[in-house]
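The structures come next, written out as structure tokens.
You will see two complexes here that share subunit A, one where it goes with subunit B and one where it goes with subunit C.
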Partner chain A sequence: MSDILFILEFAGLILEGFIMTVIMTFLGLAGGFVLGVLSALGDVYGGKFLKIIINAYVEFFRGSPLIVQLLMFYFSIPILTGIKWDAFTAGAVTLMLNSGAYQKGYFKGAIEAVFKDQLLAAKSLGMTFKQTLMHIVLPQALRIVIPPWTNEYVSLGLSTSALIVIGLRELTNISKSIAAQTFRPLEVYLFTSIIYLVWITVSLKVLDYIYNRVRIPGLEVTSEI
Partner chain B sequence: MADVVLACEGLKKAYGDLMVLKGINFKIEKGQTKVIIGPSGSGKSTFLRVIGLLEPPTDGKVFFEGQDVYSSDMDLNMVRAKIGFVFQEPSLFRHLTALDNVKIGLKVVLGMSEEEATEKAMETLRLVHLEEWAHHYPAQLSGGQQQRVGIARALAMDPDILLFDEPTASLDIELTWEVIDVMKELAEREVTMLVVTHEIGFAKEVADEILFMDDGKFLEWGPPEKVLRNPSTPRAREFLSRLLGGV
Partner chain C sequence: MITLSDFLFLLQGVPVTLSISLLSFALGFIIGIPIAVVRQIAPLELTVVAEGYEKVMRGIPVLVFMLFLHFGLAGIVPIFKDSFISSVVALGLRSGAYQSQIFRGAINSVGRDQMRAAISLGMTRTQAFRHIILPQAFIVALPGLGSEIALLIKDSSYSFVLGVLDLTKYSDILRKATKSFIIPYLTAAILYILMTFPIANYLDRWGSRLKTKYGLR
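Presenting the complex of A and B:
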């Protein structure tokens, strides 16, 4: 480990991989957020048929390995539909579906933590269902959900390394080629691990800061999900 | 003839096979205060929720200011906005300050501007003696204060009637008084009120009529002195002797 600085030669490549990792994480989280909120609302307020579909979706994505999901989507969609898609699109879509399944659970817990008496109170004021959702349920649920949602951020962020199986050039994949090229796996992977660690730690601090900015006294009491 | 604010005819409500309300006729006129008493499980809360349009009746009709609510094409939410409801649990919106709890209906349902709503909400909080607590969140208020915010939230909408569902049942005795005092002040201002409560002192002092409910029906009704002193049915006599005797 005398000349650890050799790694700087690959700084550009590593940065490229890191950016890809961050992009995939954000795409997965953002898409998963939308899917998660919608499936949670469907599961709480929807009809029986909708609930069955939502729960089948959630069970499937929570009950199988992300790597298998990535391989399946990447290779099977072109065969089934004839549409060619690249590793980026396939990876992003799979991460969204996967994260949505996990986020649904967090959002459902948070929505149900907004007690029924408040819904009745909103109704008695003459609010429509939509107004109640926008002004009462979601503002509380989104605050309550931040701590468990933080776990999903960490989990998905680190799981993006699974994208290596479909050949996407994210941080882990790039490190692997650098390690193979330089025959110095220890230094390369150690350095990569540190990048993940710093990124996740900084992100947690930011999320924590946001949570403290929007927190409301007493609201956290109901956050035992 | 006085204006009837809220009325019902042959009102029935069933949950599955369980018939909770068994055909109720009722009316309340502008400026009146009526108090409903009765054993738990007799259907008092259900009656309030059905006549307050929070739950649809299984059968029968509800009239708001003379109009059949469910057979005309009235906008139910607009009628609900004119019927104030105060619940047993304070049920405030936990992410909003006392002021914002009172404002939200004004803004979202009545479409008031920010300034208008703030002014109206502060004015209403003054009526329940909470203007100093306007910027506190529900968790920072006592049960009695929360309940008074709940009253202000309903009152600010300028409802034609206020319904109270055992507003003091979950409060300590001293907190009960502060809520009851506010309700007495409302009665003096001739706010139309329909109140489910076991605060007999309140009923005696302000009620124009007391109704005794048992097993999904009104068994007895009349002026307080008559119903409280001289109930004609054995069920009411038994209930009142326990309630007043304190045993």
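Presenting the complex of A and C:
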């Protein structure tokens, strides 16, 4: 454990890996947000056929490991479609699809938590369905969804380490090469763990702060798992 | 379509995947219950340790923990030179933190009133925990435990990075051998779904049935 400062030589590389990890997390969350909201709305208000499709999508991505999904998309899409894509694009798209499947469950719970009476009230005031959605349902649902959504942030952020299987140079992958290069795996992985831990802890505090600013007292949701 | 021989080849990975998941679940169970109980009744210092353990386990990727055990700690503790053991221990220690949280929620939902009632009947706190609170908390915890097993089955695929011959590894070998780029992974994904879905569903239903039977919320 002596001379832990050798790690500073690799500060640039580690920072590069950390930035990649954060970028992938945010891309996955953002894409998953759009997919999650749309499929939750489809599942709550859509027709029978749409519901079947959405649930098949959700079961597939929630029931199988992210690693298998990454390998599958990374290797098969170029063969099936002829599109050339790199680890970055393949990783981002897979994370979005994966996160969307999880976020759908949270959004569905939140949308259903907005009381049915409000929908009737909005209708009686002459609001269209789209207006009701934009001005009544979503503003409330997006607030109460924050606590379960926080779990998804943590879980997806930590899952980005799976991107190592398609060779993306994120924090875990870079640590692995530094560990192999320096023959000091113990210190390197310890240091990496601390980076993840600090990042997650700070993020949790920030999200908690945001939630407490925007939350609606008395309106909480227990998420549908 | 996948040929029968390829499919049978893939199936060889299933027992490994299941044993990693079930062993780490058992390890997490053994760790999780004491931590949950400690956080309820132990003195403050112990509670702080238990809380710290949970925070750390929930804040680092399980893959980094596996790599830490297998490549880092193996120099000091030789047993971690085995990639299977490193995977089970990493997943199990993290599962301990998750399961402790599941049990804590369940213990809280059973309520303090029953603890008071048991004490007023002359039971010690330990007896009350052992005979009154924990049996009920276990029923309330069943759906959560179901999701936890499903999570472990999926996350056991991280052991692929350490080179364990699990289902993911077999599908990767099959991809290289057959040059078929989607079928091996797709079949593996379906096999994973066939493992996670029934277990989670069964424990969920078992839990609801027992809850109704014993009149728990």
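The working rule: the second predicted complex is superposed on the first by the 220 of 225 C-alpha atoms of A that agree within 3 Å, B and C clash if a C-alpha of one lies under 4 Å from a C-alpha of the other, contacts with A are read in each partner's own complex, and residues count from 1 in each chain.
Keep in mind that, in the parts below, a contact is a pair of C-beta atoms (placed from the backbone, for glycine too) under 8 Å apart; a residue touches a chain by one contact, two chains touch by 3 or more.
Small disclaimer: the values here were computed from a predicted structure and weren't measured.
Asks: With both complexes overlaid on chain A, does A:I136 touch subunit B (first), subunit C (second), both or neither?
Replies: Only subunit B; A:I136 stays clear of subunit C.
Asks: Looking at A:M127 after the superposition, I want to know if it touches subunit B, subunit C, both of them or none. Which is it: first, second, both, neither?
Replies: The answer is first: A:M127 touches subunit B but not subunit C.
Asks: Counting only touches as set out at the top, which of subunit B and subunit C does A:I4 meet: first, second, both, neither?
Replies: In the superposition, A:I4 touches no partner, neither subunit B nor subunit C.
Asks: In the overlay, answer first, second, both or neither for which of subunit B and subunit C A:Q118 touches.
Replies: Only subunit B; A:Q118 stays clear of subunit C.
Asks: Per the contact definition in the header, classify A:L15: touching subunit B only (first), subunit C only (second), both, or neither.
Replies: In the superposed model, A:L15 contacts neither subunit B nor subunit C.
Asks: May I ask you to name which of subunit B and subunit C touches more residues of subunit A?
Replies: Counting residues of subunit A touched by each partner, the higher count goes to C.
Asks: Could you list, by residue number, the parts of subunit C that touch subunit A in their complex?
Replies: Listed in rising order, the residues of subunit C that touch subunit A are 55-56, 58-65, 67-68, 71-73, 75-76, 143, 147, 150, 154-158, 160-161, 168, 171-172, 175, 181-182, 185-186, 188-190, 192-193, 196-197.
Asks: Can you tell me which positions in subunit A touch subunit B when the two form their complex?
Replies: 114-115, 117-118, 120-128, 131, 135-136, 139-140, 143, 216-219, 221-222
Asks: Give every residue of subunit B touching subunit A within the complex, in rising order.
Replies: Per the stated touch rule, the residues are 52, 54, 77-85, 87, 89, 91-95, 104-105, 108-109, 137-140, 150, 153-154, 157.
Asks: Going by the contact rule set out above, which residues of subunit A touch subunit C in the complex?
Replies: Answer in residue numbers: 59-60, 63-69, 71-72, 75-76, 79-80, 154, 158-162, 164-165, 172, 175-176, 179, 185-190, 192-193, 196-197, 200-201, 225.
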